[in-house]
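Here come two complexes built around subunit A, the first alongside subunit B, the second alongside subunit C.
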Partner chain A sequence: MAFKVVKPGLSTTVQDLGRPGYFHLGIPEGGAMDRFALRVANMLVGNDEGAAGLEAVFMGPELTFDADTLVAVTGAEMPIFVDGEPREGWSAFVVKAGQTLRFGFLKAGARIYIAFGGGIATPLALGSRSTYPIGALGGIDGRAIAAGDVVPVGEATTMTERSLDRSLLVPVSAPVSLRVLTGLYWHRLTPACQARFFADEWVVAPEADRMGYRFRGGSPMEFVDREQPFGAGSDPSNIVDGCYSYGSIQVPGGQEPIVLHRDAVSGGGYFTLGAVISADMDLIGQLQPNTKVRFTEVTMEEALAARAARRDRLAKLRAALA
Partner chain B sequence: MKTRYSFGGDEHVYVEIDEEMSLEAFFIALSLRNAVAEAEIPGVTEICPANASFEVRFDPDVIAPEEIMARIRELEHKAEVSDKRLETRIIEIPVYFQDPWTHETLMRFRERHQDPTGSDLDYAARINGYDSVEAFLEAFHSQPWFVSMVGFVAGLPFLYQLVEREKQIQVPKYLRPRTDTPKLSVGIGGCFGCIYSVRGAGGYQLFGITPMPIYDPTQTVSYLKDFMVFFRPGDIVKWKPVDRAEYERIEAAVAAGTYTPRIAPVTFDLDAFNADIAGTNANLMEALNGI
Partner chain C sequence: MVLNLPAPRFLPCGDAALTVEFAPGIDAAANALALALAADLEAAPLPGLCDVLPTYRSLTLSYDPCVTGFATLRAALRPRIAALRPGAVEGAVRSIPVFYGGPACLDLARLTAEKGMTEDALIALHLGAAYRVAMIGFAPGFAYLSGLPAALATPRRAEVRQRVTEGALGIGGGQASVNSVAAPSAWSYIGQTPLRLFDAARARPCLLAPGDRLRLRRIGEAEFDTLAARACRGEILFDPETPA
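Then we have the complex of A and B:
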């Protein structure tokens, strides 16, 4: 079984839940930016939650199928059509052999996830099918899908169409709040600057991709005076190159914060002021440029409670779709 | 050393051995990183070492953040007294300095540079007090460099020059990073040298290019068949200047699967190095002559 790419969209990549374990060599975990959406799409079509699907940003692909295939689309809100007939998001529907799946204009969110019954069956690279284009690893020859690609799909376990109770989904409210645990090099900032970081309204900049999301519109950073340590570099935002974590917030030159995401660079010479909590990482993957965002300070206790709430929501969905 | 612990979100503990770079800080970070790995603490999913720091990723559903941090702190005393000696290897890396490809790139991004009128090499030579580009390059390649970190992007080595601190070359990074850098460019930023393993963005000053791939996701390069990443922390590098003809010869040999990097096993002892830098380096480089 396979589908053929008629139009690829803007940047559509094969993604699963990633390849942890190689970040110490500069190869990021990668995988779906919105893990929740990919997991639910896979549940709907009867796959393991970590099966590989497609992640399409801002624009959907156009695909034709060589065999009847159970498909589910989750994540961003985008009209779905099978041979011109509309289909619902967050539901599993059959696309028959010879039919075409295509998408309308994006209405809300940023990334759709398309799961296929049986899962995409491209070769594993370091234990994952996720595409890491910078390192030319995974997916289809380490790149986004292109017109003419024939993408293999595994053996489906079911062809049952079904949909999800939408009340199990949590709508995103505006302005978006991203919860942050301060730390790392937070002490490099003056108290006034620390307060401004949380008080200011930021917007998502156009430079927002799988590696990281950049924000602008807030005040530039103000650093505590110091003599720069040997090897760090002369800018006050420089440190001796250290590790970066997923979700960590760096501010090169003290100007625009960047939140590193699934295809993060693993280290570098810019100070980091803390990190977005794990429970809010999926949400970042659904932010469009120009979205208004506030950073909200939380404690570790609150971060762990948010993480638990997220886990419970997933468990409820799992029970509903079992 | 002033070891500092911090959480990086709810899944990471960041351990900074020292704010400034030194081989002492590198070795303590390495020992502590190894002690954490050997302790096999449940919930630890990955440990990433850096130049003078490291980061532990953990699953807070398995181990509480305060507990993992406490467990790492308990190991600190072990790391401070452990041997600062490493069984490692020295690798000769051929470099074509002042090549046309990095030159084209650095001229293309000139408006992002501190000195738009010259080249990266002219600028680096001048601010480090060298009379000529040749004298600067001699200082750059005559002594070995130490891989103190692997990362940023896939398999990229950060290299620390094995000379007295006052002799170390230091340059700022570009004012604004380039959006393009040729694959396998050799550069320096701050006190760290690097080889760009893949094409992409970068802010280091560029001096040359190596014909020897150091990352190969297809694992077709003969010496990268077992693993796609060449470097690991602790490796020692000796640059070998080559001309264009030699660069092209090596590039063809890599493509034909007949190129074998020159590598020799060595021991690096930090105390011995500090006691006699010139002598230690001579011994390290001597090992390359024996193969």
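Then we have the complex of A and C:
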């Protein structure tokens, strides 16, 4: 079984839940930007939650199928059509052999996830099918899908169409709040600057992709004086190169914060002031440029409670779809 | 252990990672500790630990917060650190052939002018140093080196080049690099190795490992082309010649 790419969309990649364990080689974990959405799409079509699907940003692809295939689309709000007939998001529906799946204009969010019964069956690269273009890993030859690609799909376990109780989904509030644990070099900012970081309203910059989301509109950083350690250079926003963990907030030149996301580099020489909590990272993957955002300081206990709440929500969905 | 370093600092990096910082700047003893701790954690992993990434002067650990936590890990790490043997990671000795020319030789002329050195003097200084791989990171297989002579330290450039070719040899502040894949960079570049530092299709995707000791060997354009072709075909992994 396979589907053929008629139009690829803007940047559509094969993604699963990523390849942990290679960070020390400089290879990021990668995988779906909105892991929750990919997991639910897979649940709907009866796959393992970590099966590979497509992640499409801002614009959906156009695909034709060579066999009847159970498909689910989750994540961003985007009209779905099978041979011109509308289908519901967050539901599993059959696309028959010879039919075409395509999408309308994006209404809300940023990324849709398309799961296929049986899962995309491209070769594993370091334990994952996730596309990582910088390392030419995963997906189709390590790149985004292109017109004419034939993408293999595995053996489906079910062809049962079903939909999800939407009340199990949490709507996104406006303005968006991203919860932050300060850390690492936070102490290098002046108290006034620390207060402004959380008081200011930021917007998502156009430079927002799988590597990271840049924010602008807030005040530039203001550093306390220090003696630069050997090797760090003279710019106060530079450090001796260190590790950037997932969700780290770096501020190149002390100007605009960048939240590092799934395909971010594993290290570098920019100062980081803290990290967005793991429970809010999926949400970032659904932000469009110009979205208003505030950063909110939380404690470790609050961050862990948010992570537990997210896990409970997933467990409820799992139970509802079992 | 007897090292002239303060007690390590434990710094949270969000709710699923932490950094153990052994020194504020580039420091050989701190790097040796970070590598020894990484090796120790690989030999005897702690519950809930995911990735371990040693750097010039620290170690960043990612973990599953459902299994463990910042305070638990800090308590478990302290005695492990106290029991580390410095120099536990010996590292392999590797020869890296370098062509000081071609498309990666972007800043050699500028550096000679800035430092008031002849090209030959600058190359001899760069070539003669004993480097150690302090960290693999930034890009897949990208090798950060310690051992750059202080006279070659160069501030990062204000402008970021969007694509510096694979194999380029760089200088960023007091740090040096052998780049792996083509990537953006604000560092200065003076040469290129024909070796392929990263290839996901290989049984050994990364050529170099933290702790490796590098000796640079100067080659000309013709040898570069020959070695690059052989490396590309997978005929050679490491330098077939040993440096004089």
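To be clear about the criterion, the second predicted complex is superposed on the first by the 322 of 322 C-alpha atoms of A that agree within 3 Å, B and C clash if a C-alpha of one lies under 4 Å from a C-alpha of the other, contacts with A are read in each partner's own complex, and residues count from 1 in each chain.
In the analysis below, contacts are C-beta pairs under 8 Å (C-beta built on N, C-alpha and C of every residue); 3 or more make two chains touch, one makes a residue touch a chain.
Keep in mind the model is a prediction, meaning the values are calculated, not measured.
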Key: Combined model on subunit A: subunit C and subunit B, fit or clash   = clash
Ask   = Counting only touches as set out at the top, which of subunit B and subunit C does A:L25 meet: first, second, both, neither?
value = both
Inquiry  = For A:P220, using the defined touch cut-off, is the partner it touches subunit B, subunit C, both, or neither? Pick first, second, both or neither.
reply    = neither
Request  = Report for A:G104: first if it touches subunit B alone, second if subunit C alone, otherwise both or neither.
outcome  = neither
Ask   = Which of the two partners, first being subunit B and second being subunit C, lies in contact with A:N238: first, second, both, or neither?
value = both
Task = Mind working out whether A:A125 is in touch with subunit B, subunit C, both or neither, as first, second, both or neither?
result = both
Query = Is A:G269 in contact with subunit B, with subunit C, with both, or with neither (first, second, both, neither)?
reply = both
Query = For subunit A, which residues lie in the overlap of the subunit B contacts and the subunit C contacts?
reply = 20-21, 23-27, 125, 134-137, 142, 181, 183-184, 229-235, 238, 240-243, 245-248, 265-269, 272, 274-278, 300, 303-304, 307, 311
Task = Write out the stretch or stretches of subunit A touching subunit B in their complex.
result = 20-21, 23-27, 125, 132, 134-137, 142, 181, 183-184, 186, 229-235, 238-243, 245-248, 252, 265-269, 272, 274-278, 300, 303-304, 307, 311
Task = Could you pull out which subunit A residues touch subunit C in their complex?
result = 20-27, 29, 125-126, 134-137, 142, 181, 183-184, 229-235, 238, 240-243, 245-248, 265-269, 272, 274-278, 300, 303-304, 307, 311
Task = Would you mind writing out the residues of subunit B in touch with subunit A in their complex?
result = 6-12, 14, 16, 18-22, 45-55, 57, 60-61, 65-66, 149-156, 158, 165, 170, 172-173, 177, 189-192, 197-198, 200, 215, 217-218, 229, 232
Remark   = In their shared complex, subunit A is touched by residues of subunit C numbered 11-17, 19, 23-26, 38, 50-58, 60, 62, 65-66, 69-70, 135-142, 144, 153, 155-156, 172-175, 180-181, 183, 198, 200, 205-206, 210
